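Attaching a single structure in structure tokens format; questions to follow.
Read from first to last, the chains carry the letters A, B, C, D and E; within each, the first residue is number 1.
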Amino acid sequence: MSAQAVLTVAAVLFSLGLYCVITRRNAVSILMGVELMLNAANINLVAFSNLSLGGQGPKVEGHMFVVFVVLLAAAEAAVALAIILSIFRRMGTVEADRMTSLKE
Amino acid sequence: MAEAVVFYIIAAFTIGTACVTAFSGNIIRSAFSLLGTLVGVAAMFGMMGADFLAVIQVMIYVGGVMVLILFAVMLTHRIKDVNVSNRSLPAFPGAAVAVLVLGVLLYGIWYGLPGDTARVEAKMTPLIGKALVGSHVLPFLASGLVLLIALIGSVVIARREETFVCGPGEAKR
Amino acid sequence: MVPSDFGKLMPELVLVVAAALIIVADVASARRRTGLYSSIAVAGLLLSAWLSVRLGPDRPQLLLGNMAALDAFSVFFMPVFAGASLLAVLFSLKSSELTKERHAEYLALVMVFTAGMMFVAAASSLVMLYLSMEMIGICAYALTAFNPGHPRSSEAGLKYAIFGAVASGIMLFGISIFYGLTGALDYPEIRRAIPSLATANGPQAALLVVAVVFITGGFAYKIAAVPFHAWCPDAYEGAPTPFAALMSVAPKAAGFAALTRFLYTVLSNAHSGGNFEPAFDVPWPAILGIVAVLTMTLGNLSAITQSNLKRMLAYSSIAHAGYMLMGVVALSREGASALCAYVVIYLIMNMGAFLAVLAVSEAAGGEEISHWRGMGERLPLVGVAMTVFLFSLTGLPPFAGFVGKFYLFAAVVSRGGFWYWVLAVAGILNSVVSLYYYARIVRAIYLEEPASNEPLTIHSSQRVLLYALAAATILLGIYWTPLSELVARAASFV
Amino acid sequence: MIEFVMNHLLSVMTFTPLVGIVLIYAIPGTGAKPNVVRGIATVVTGIPLVLGFVLWRGFDPAITGLQFEEHTVWIRTFNIEYFMAVDGISISMVLLTVLISFIACLASFGVEKSVRGFFAMFLLLETGMIGVFCALDFFLFYVFWELMLLPMYFLIGIWGGPRKEYAAIKFFLYTLFGSVLMLLAMIALYYNSRPTTLVDGTPAAHTFNFIKLMAENDFSGAGPILGIAFPKIIFAALFIGFSIKIPMFPFHTWLPDAHVEAPTPISVILAGILLKMGVYGILRVNFTILPEATVWAAPAIAVFGVINMVYGAFVCMAQKDLKKLIAYSSISHMGFCLLAMAAFTDQGISGCVLQMWNHGIISPMLFLIAGVIYDRAHHREIERFGGLAQSMPEYSALTGLAFMASLGLPGLAGFISEALCFLGAFPVFRALTIFSAIAVIITAAYYLWTMQRMFLGKLNEKYAEMKPVTWRERFTLYPLAVIIVILGFYPMPVLDLINPTLFWLVGTIRAAM
Amino acid sequence: MNEPLTVNYVWLIPFLPLCGAFVNGTVGWWLQKRFGRRPNGAIANAAVWGAFLISVQLFLTLRGLPPEQRALVNHLYSWIPVGQLDVALSFTVDPLSAVMILVVTGVGGLIHLYSIGYMAHDKSVWRYFAYLNLFTFAMLVLVLADNLLLMFVGWEGVGLCSYLLIGFWYQDVEKAKAGMKAFIVNRVGDFAFLAGMLLILWGAAGYWDDAGRYTMTGGTLSVDFRWLASATTYLQGKEVLGVSLITLACILFFIGATGKSAQLPLYVWLPDAMAGPTPVSALIHAATMVTAGVYMVARLNFLFALSPAALTVVSGVGAATALFAATIGFAQRDIKKVLAYSTVSQLGFMFIGVGVGAFTAGIFHLMTHAFFKACLFLCAGSVIHAMSGEQDALKMGGLAKKMPFTFWTFLVSTLAIAGIPGLAGFFSKDEILWKAFDTANPVVAWWPYLVWGMGATAALGTAFYMFRLVYLTFAGECRADEETKHHIHESPWTMTLPLVALASLAAVAGWLGPPGVFNLPNTFEHWLEPVFGGAARHITSRESGHGAEWGLMGLSVALAVAGILAARAVYAKNGAEAARRLSGRFPLIHQFVFNKYYVDEIYAALVVRPFMGLTRVLGWIDAHIVDGIVNLVGKVTAVFAMIDGWIDLYIVDGMVNLTAWIVIAVGRKAKTVQTGRLQDYLYVMAGGAVLMLVVSYMVERVFGGGR
């Protein structure tokens, strides 16, 4: 399986994530889009670390980066969903486009 | 050769579930399809020899983040209207941006980068362990701190508050 | 790992310890003793600031495997963040938006928030950069959505969180591609790999452009530059005012510090005479220049017709981000020192303005311009202080704002060249436009009759802070030699 | 103490008003007793007047260089120095400032609303004005220049007439636009100046010092900006910045509004001193530092000057409000300065500075007169008055003198400067000068027409029993009247002061011809 | 002219009236309140008569000097020393200015004396005497000025005083308007004077190359007359815009003079100026101010002599004005208007004099005219005083018996002005006509005949309307209504004394300058020879011989007598209703006259009818066209001003407000980007990021990257 194939998968995932983020109305689904983008980046990181590995020995930054990315994604999801819950409790909806009291 | 076939299956599975997540009308279905995508990514990590990452992916992403998202979906939607519509805004602008970015990326990948394999032989896990306390000790500690404040923050926000505080000065009006 | 390196991280560690202490104290004691927590927080911040000042290294060095750079630049920013947070903590002492129950968590989050900013300023590896940016992000989302009881606060929090998540997602993807191209994540190693990219062929150049644009996008989100600014007004208006004050200054400064370090040390070669020029042919100075002009113009134009002061100050902070971006785009030692100077000056005047808005919204019951009518008679000295801040934000000479603007324009003009002059002219036109909406507030204070003239009072602590900040704004406007020396030294990277 | 004052004369003069502000707010209970505040203000504006007299006596016109020099380093990183001095160009303006400020302070005893605030702003304004005329470091000059904006904004905005907000913000925006252009030009000049040494000998890469910018620098070599030659675009930027203050034709619409809305003492200051800063700025900065660009721009300046004169005069004919009429006549009179200045002849430049001085005496008198009638009739429409000469003989005599001085009647101060301006401008701009002389006829026409509608003809009963001129008003009007008459017959006191340096200045420009 | 003697008390002459004006101006009203009107008059008279005594003393010292040294300079201080320009505040008394100061202080003194009586009932006498003294000061400065700029000070000073005095009774709007008109028209003249002065000053000190750049050659730039006289050789060849510099300058100076001395284009203000008190008209609009133009041309004789073209213009305009004004005089009813037009006409004569180069004759006529015109005005004043303000000649009549002094002085002066031999008018007017006829005009060969012809006709007209006036006011029975009739009385001595003095002067003064043929010593010409000697060189006589001179003199006397007879014929009997009907329906008069006096009626038909037609036409021209032009100019400037005001308000200010409005509108629009919807934000971000991609790619392509 060539690196380019892996990278292509990552690119597709990223664009799907981007699409999902822009068009979705539901805050949770936007978060899902973000998760997609992060996963795409993770694939990239791993693929590139292996790619460059070919030459100068075991290169671990890429993998370390992925570890931290996964970790941070979890933390972020926690806080984001907590906020979504508090919004839901107050406004009864999670549709992002109905929350427009803050505008102009 | 078998290895290539397996990779293609996994890639197809991942991209397929990702498409469902992105395009499906029902939020529940897109949530579960996201679960599939994450597993697919974990499999790819395995394929590329990053087994430690695959495990991490499964444990944290699938176990943690997905559970959270499902909880959120469940809590924010009354059970009875399961097929709650996940209406989306007009597709065109988003699609245009996504496709353009994809095009540039693919162009870059296919023509700009060498084609050698992404598989690695070396065992990465011990290296990751050594790096965690070696070169990457600062991020390691900092991420601990991040988890702590994520915990505090989400608890503070999500806690059901007894006295509702109104906005600045509203009490005065 | 060399233990002595940890000695260099004392400022951040002190803050973390302080945060922990506050949480423990809050859990331990039955009653909510906000006084104690605040004093711990203040002590922590002061200690951290003092340590970072004393820390000033004789020789700049990289720590902990190139993760953090300890040089004059990062050491300069540390006390700035500590100072800003200190002010925010002092502001929140008497603010009605923070109930006793949550004050401890609030302070803890602010502590970690400050530590996160220090990491951002010092980060000299993409890993550390992303991680510390996330740390700031998460603290900010939590602090913005700190009043779930109030719909605006959580809505602001949500918008900020999701926008932040998407932006960091994009930035991460950019970093991953950049890692692919350069094969390294630490700034020094990337530096070494950069020359090979200079001859990148077509597609690789395309990837490089995507990478650079996405990473710059991440920074642009943090400093609220134009395409990535949409979250800023809503977040500022919704967030509790003390934090809004901090948010309008500190993370923006951290974003600028990281952007400057990334651009100056990684993406460009240093030249004699302090000028830099881009290492490879991605014309990022041109892009940033365009972004700067758009940011300034949109920020100022949108602020003109605002009636909510917090929202107006939000737009004004976008505009000021545009001015600071001018300093970065100047790509010279003067540009970096101008940026540092403007950060300090902007911190003082903007937090002063926010404090005034906070105090008056407490006293007069709202943050609209109409509440400020006739403040000249009702709260004379607050009116004077606010006028000082506003005219300083416009950039009028007797005040520090002018010195900041002068620095920036000096940096841009000293570069010369057609486009730099276009940037400079855009800058001055914007400051004239900005006068219009700042003067609208001053007009309300002095030139319009108050709705009702029953006497108003604000807490003495806020009053003292206001006068201190106003005095600092005037003093820095008149005698700013110490600041200029400090800033000249700060512009040296590792 | 005396010795300290003597060798820091200019700084003491500049910053005494600030001490006054502190006194006004420091002394308890002044809020309630406006007279105490007025007393302090009078004393504090009086001191610079006395020092001004000392300055006048001590000033030796023979030396074309700087006198009463104070020079220390202020901000080392940008080579900014605290450099205050006086020479032929600025001496007359400093004296004018202290004199008119003192008279305006006397005239502002009529202000009732928040007296402390008014005098605080007034004294801040005076500091800014004296500072501008004494500063010889571009940065210091710029700080003082902008320092004036704030108090003027508040003085017009808070104590002004019905449309005061509009007039105040319009004034502020116009002047700020001008001064931001000046800021860029200043920085460009700084970065293109040759390395030199600061006052304490330390080497400096660039300099803000006017004298060094002029002596040691030739900017023709500097790189073009925005595609236009360096000296030309810098000259244009500075010129626009200063001409907004003059005001020159396309940028003048703020003046009538500001004057109509501003309270009388502020109109006096605005017309008496602020208008001169534009011309002084051009002389001090544009002419000295960029001689070639000055030569290049001279015809344009002359044409604008003539437009100012003739257009201003014509518009005066159409005015209904007395103060607006005087405002437009100020525009017309400042046109003389522009025309004369652009000719670079000895008589022209001397006429220009003398015209600045004379206009600085005559227009305050005119505005005080407008103030007197406004205090009594609470309106200024010329049409609604009639036959005032019968009810207020002394007042109409004073107005007659002021009108005659303003239209340049020989034997009064206005004539000499106008004659010198024409004499100076004629050889270089023959047709322009003759055309601009039409302004003299129109000026006579609108002043006499105003005189006739207000003072002659049958008495309008409504104004039959106007109270005569009070002692306070006399004390502000008569000194000005005396100066006008004396300078009409014996202009030497002013001409002696300014001529040597001005001829040297014009000499340098003619050399660059 | 070698170096003039320095004298240090000449400045006293203008200074005394200034003190008088100052005292009357400041404390005059208090004096009038406390001590009545007497002190004001006393102060004023003392000041003027003091100046008169000093003038006489200077005149005597001047006479003691040999002719070529006759110039006393009193240099006070350098007034405007700027660079090479050095304008000094210095006064000179030379034969010309000696004559002038004698006339100004002498006639002025008499008029001050007369004013005491005339203004006895006015309530603000102090202001009147203050203005009168101020006027005398300004006129003396004008006359004694040693340089053009100082003369300009006096020039505009008299303009101001005439404005103040014309509008003295300012309560009446019409009078105030007349004052304003006078000042503005004067101001137009001053504009030309200023332009001329600039041209001469810089012309004398350097030259303009064809590109218009000026190079300075002369050492000092000075405007004083001695220096100008010496610089004329240098000025001769110069050209400016294709016209010779001297001619252009002289024409500009002459336009200034027409403004001040009410010549053809700019005379409209003088008839209206009659709105002022009569002594004012006598002093300012007869004796002194209006002659300033003639004095100026005389003072610059060395310039005018050099440009025949300018002289032709001067004499042409003078002749035209003389004729035009004389004819209008016929139809006037107001006694002061008649005298006003007569003054304009006589000034025309003076300009003919100086216009043909006979400067001495011009000044001589100026002096004699001052005497008899002042006397005429004062008589008119005493008549009006007696008729308690009535000025219409048709309502008078038969005053000879009741006011003998006034009648006889009026008659003597009228005879003088008509040019009856023996009296002053004859000598001066005849001298001018003779010089007009005799001097060659290099520009236009037949010019002398034209000028002489117009002059002679004007003289005829003068005789006619003056005697018309005499008959209307003094002859026949009194047509005033009963109430005014019974308190007509002779004026007090303070008014009649000056009349007698002036009348005797008018009678005697002629003998000072008898015509050449009388081969009597022409003291006046001899006296002015040092001043006008230089100019005389350029004037060539046509040697028409003594015979022609006697012939012309006889002809002019005949014309005068004819004029008188015609007036007697028409107006002697019941002059009033004859004049009324005559001017009413022309044919009826022809028929009425025909059947009574065969001789008179042929004569009337021959002389009167054409004149009547001419007067009505010219009267109409004057009322509609010339006055119309002036008002038109006024209206045009008002409209132009209104347009400018509108431009200023809407266009220039409009542009600024427009930009401000646009900025705010854009601001309002920019704000709406913040829709509050999260997706829009994200879309803006993503779209922005992609845009940055595209832009950077393009910038890289177009600019090759970097700044």
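Please note the rule applied: a contact is a pair of C-beta atoms (placed from the backbone, for glycine too) under 8 Å apart; a residue touches a chain by one contact, two chains touch by 3 or more.
Computed from a predicted model, the values in this text were never measured in an experiment.
Across the two interfaces under comparison, C-E and A-B, the one joined by more C-beta contacts turns out to be A-B. Taking the mean of each chain's C-alpha atoms as its centre, the chain lying closest to the overall protein C-alpha centroid is D. The chain with its Cα centroid farthest from the Cα centroid of chain A is E.
Set against the Cα centre of chain B, the chain with the most distant centre is E. The mean-CA centres of chain A and chain E are about 98 angstrom from one another, to the nearest whole unit. Separation between the centroids of chain C and chain D, computed from CA atoms only, is 43 Å. With centres defined as mean CA coordinates, chain E is found 39 Å away from chain D. A separation of 26 Å divides the Cα centre of chain A from that of chain C. Residue positions 89, 93-94, 97, 101, 104-105, 109-110, 113, 136, 139, 143, 146, 150, 153-155, 157-158 of chain B are each in touch with at least two other chains. Residue positions of chain C with contacts to 2 or more other chains are 127, 131, 134, 138, 141-142, 145, 148, 152, 154, 157-159, 162, 166, 170, 177, 180, 206, 210, 233-234, 436.
Residue numbers of chain D whose C-beta contacts span two or more other chains: 173.
Pairs of chains that satisfy the touch definition comprise A-B, A-C, A-E, B-C, B-E, C-D, C-E, D-E. Partner chain B is touched in their complex by these residues of chain A: 1-9, 11-26, 28-29, 31-33, 35-36, 39, 42-43, 46-47, 50-51, 53-54, 58, 60-61, 63-64, 66-68, 70-79, 81-86, 88-89, 94, 97.
Those residues of chain C that touch chain D in the complex are listed here as 391, 394, 396-398, 402, 405-406, 409-410, 413-414, 416, 418, 421-422, 424-425, 428-429, 431-432, 435-436, 439, 443, 446-447, 480-481, 484-485, 488. In the complex of the two chains, the chain C residues touching chain A come out as 126-127, 130-131, 134, 137-138, 141-142, 145, 148, 151-152, 154-159, 161-162, 165-166, 168-170, 172-173, 175-177, 179-180, 183-186, 233-234, 237-238. Those residues of chain A whose C-beta lies close enough to touch chain E in the complex are 18, 21-25, 27, 30, 96-97, 99-104.
Listing the residues of chain E that touch chain D in their complex gives 29, 77, 79-85, 89, 149, 152-153, 155-157, 160, 163, 167, 170-173, 176-177, 179-180, 183-184, 187-188, 190-191, 194-195, 198-199, 201-202, 206, 208, 212, 214, 216, 221, 637-638, 640-642, 644-646, 648, 652-653, 656, 660.
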